[in-house]
Each structure stands twice: as structure tokens, then as C-alpha cells.
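Two complexes come next, and they have one chain in common, subunit A, joined by subunit B in the first and subunit C in the second.
Entry: the complex of A and B
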């Protein structure tokens, strides 16, 4: 069976639409009959990353590859990059300004959550160039 | 407990009607969405003072059937449409966060396992 490829553009302008791509992937996985736990892990991890693209970078694109036994997601942005990845991965670390906090984000829990829900997570980032986040979630039988 | 019971206990007003018979086992109260996303609990309700579309999207990712807006906060039409498409019930209560959570706890809901 060949894999299914999905591509999304994520606007950095529209906070209200952030999460559209994640919701759409979730729907697709459900239709394909993947198990609930795996779908939820993909959806939450991707959603956190999609929100990060919008609030910390200026949007970007998402590539999703759905295999029978795992799902791969690449979230790529041309934002400011992450100066200290180790620090960014710590629970509670956030550079989000007050206006983002008032929107319900900026607890510094997004990246730790992504790590928790995925089986593999890789960050490639360069200051001033952008960030590529690679996620893999394994799928057990339904 | 089902969604209907939550409406009764919180003397809530239904703003968007999903499945009112959906079972609710745990609750989560927070204004920070990543805190909500940190712990997956089955069949839960989200109580929040935050009013924006990301509240609905957070509930969607978590498979939550119901959102309660505390302190009488009213979501706008965009938020209501989003919830309607996802079959999520939206409830508004005049109680504040602490009181609303307390009433549900008293009614038999738990917060799920401790960290």
C-alpha cells in the first residue's frame, strides 16, 4: 500500500484559522480507520506545532505522510528560528508576549507536549532562517 | 454524568447543542490551552474563561464533547459555527471558574489522575 500525502499552507496572519490543518488531518485519519489514541496523538502534536508556527513564526507549510503503521509530519516555517532548543524544550519556557498569553497560549507547554505525544521528534532550526519540525507517531492496530 | 447533568448543575444556558447524552467522566478547567492539551482524559468537559476559536479546536483535538464558558462569557458566531460543525456542545454559566469546578466535583466528576 502506498502512503497518502497531504499538504497544507498555514497562514501566519490568521490566528483564528490556526488548527485547520490539524483538524483536517484528524478527520482524514478517522475516515481511514486509524485507532483513536494514535489519531489524538497526531492531532495534538500537530496542533501545538501549527499554533507555534502562527504565534512564533509567520506561518509556513505542513507536509503529512500517512503510512499503514505510522504518520510523519513536517512543519516548516521561515520565522526567527529557535536560539536555544534545549531551553525551548523545557516545560514552562516561553517567549510569548502578553497578547499571545491572552489568547490562551504561552504556557511553555507546547514543545514538551509534542515530545510526549510523538514517538520521534526532530528540530532543525537556524536563527533568522526558520524552523523545520519533524514528527513521527507510530500506529498500533485499531 | 452526561452533558445534560452539567447543564443542570451549572444552571447553564446551551449556546450550541451537540449530543446532550454524551457521557462525561472527567473535567478540566484552564485558560491556557497547552495545559489542557498536556493530559488526555477520556470523555471530558473543558471549563474556561477564554473565549476564542482555539478553545473549540483544543476540544476537537482532545475529543471533548462539551465546553463550559464561565462567568457568563458569550462566544461569538464564528466560535459557535466551529463548534456546531464539530458536534461540540457549548454551555454558558454565570458561575466563576472555581465555583463551577466545585459544583461539578461535588456532582461526582473528577479531574482525572494527578500528575
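Entry: the complex of A and C
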């Protein structure tokens, strides 16, 4: 089986649409018969990262490559970058503004959730330039 | 315990109805979405005051049996639409999360 490539643009303004890419990938993986645990992990990690792109950056794009035994995701934005990645990875650290806190964001659990649900996570970030987040989720046999 | 039984026993009002035969095996309380997504057990009743569109995404991802909006917390129109589209049961009550959870605990654990 050759790999399947998917591409999504994530709008920086529209909260209500954040989650469309992860929703669509979820559907696709389901149709391809991937196991539910792997689908859940991909979907949660992607959703958290998509929301981060909307809240903390100004949107960007998502590239997904589906292989038989793993899924690779790149989420790329041209936002402000992350000054201290180690700190950002800590549970509870958040710079989310009040207006999104009122919507239930800002627990500072997004990046820790991504780490928890993926098998590999890599952040490349530059202040003022943006952030690239690389994720890998391994698929165990159903 | 199914969602339907929970509705009958606790006098919950239905806001969005999907599969009411779903089992409720656990209960989780929380309003911080990432927290809920990382911690809520699947097949739980999720008690919250967050009735916005992102709550629906979280309910789907965490695979909870139903959302129960406590203390009559509002459900946004676009959240209702998304819940109908994705098949998420949404119920509401005037009780607070603690009191409702106590009752759910008695029902689930017998």
C-alpha cells in the first residue's frame, strides 16, 4: 500500500472551524480500517495542535501522511513562535488570553496531551517566524 | 445504565438526542477542554457548563456517552447543530455538578 497524503489549510480567525482537519483525518482513517485507538490518538493530538494554531498563531497548514503502520502529521504556522519550549510543554503553562479561556481553553494541557497521545513529537520554532510541529502515531494491529 | 435510563431517573431534559441506548459507565466533571480531552474516560457522562462548539469536538474525541449541561448552562446554536451532525447526546439539568454526580454514582454503582 502506498501512503496517502492529505493537506489542509487552517484559518487563523475561525474558532468554529478549528478541528475540521482532525475530523476529516479521523473519518479517513476510519474508512481505511485503522484501529480505534490509533484513530483516537491521531485525532486528539491533531485537534489540540489545530486549536493551538488558531489561538496562539494565525493559522497555517497541516500535512498528513498515512502509512500502513504509522501516521505522520506536520502542523506549520507563521505565528509568533514559542520562546521556551520546555516551559510550554509543562502541564498548566498557558499564555491563552481571557477571551479563549472563557471558551474552556487555557488549561495548559494541549501540548502535554499531544505528547501523551503520540509516539514521537518534535517542535521546531523560531521567534517571530513560526512553529512546525511534527507528530508520529504508530498503528498497532487491530 | 444507559443514557435513556439516566434521563428518566434523574429527570434530565434532552437538548440533542442521538443514541440514547449508549451505556454510561463512568462520570467526569470538568470545564477545561484540554483537561477533559486528556483525562475523561470513554463512555462517561460528562458534566460541564461549557456548551460551545468546541465542547462538541471534545465530546466526540473523548468518546463520552453524553454531555450534561449542569445548572442550566446554555447551549450555543452552532454547538447544537454540530452535536446533531456528529451524533452527540446533550442533556441539561438545573442541579449542580456535585449533586448530580452523587446521584449518578448511586445509579452506576448501585
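Simple rule for what comes next: the second predicted complex is superposed on the first by the 142 of 142 C-alpha atoms of A that agree within 3 Å, B and C clash if a C-alpha of one lies under 4 Å from a C-alpha of the other, contacts with A are read in each partner's own complex, and residues count from 1 in each chain.
Here, contacts are C-beta pairs under 8 Å (C-beta built on N, C-alpha and C of every residue); 3 or more make two chains touch, one makes a residue touch a chain.
All figures in this text were calculated on a predicted structure; none of them were measured in a lab.
Chemist: Sharing subunit A, do subunit B and subunit C clash or fit in the superposition?
Modeler: Overlaying the two complexes on subunit A (C-alpha atoms) leaves subunit C and subunit B clashing.
Chemist: Quick one: is A:43 in contact with subunit B, with subunit C, with both, or with neither? Answer first, second, both or neither.
Modeler: It touches subunit B and subunit C both.
Chemist: Please indicate which partner A:19 is in contact with in the superposed arrangement: first for subunit B, second for subunit C, both, or neither.
Modeler: A:19 contacts both subunit B and subunit C.
Chemist: Now for A:59: first (subunit B), second (subunit C), both, or neither, which partner does it touch?
Modeler: neither
Chemist: Per the definitions at the top, what is the overlap between the subunit A residues touching subunit B and those touching subunit C?
Modeler: The answer is residues 15-16, 18-19, 22-23, 40, 43-44, 47-48, 51, 103-110, 112-113, 116 of subunit A.
Chemist: Where on subunit B does subunit A make contact in their complex?
Modeler: Contact set of subunit B toward subunit A: 31-35, 37-38, 40, 48, 50, 52-55, 57-58, 60-63, 78, 86.
Chemist: For a test of understanding, state which residues of subunit C touch subunit A in their complex under the given definition.
Modeler: 31-35, 37-38, 50, 52-55, 57, 60-63, 78
Chemist: Given the complex with subunit C, which residues does subunit A contribute to the contact?
Modeler: 15-16, 18-19, 22-23, 40, 43-44, 47-48, 51, 103-110, 112-113, 116
Chemist: In the complex, go through subunit A and note every residue touching subunit B.
Modeler: Counting only subunit A, the residues touching subunit B are 15-16, 18-19, 22-23, 26, 36, 40, 43-44, 47-48, 51, 103-110, 112-113, 116.
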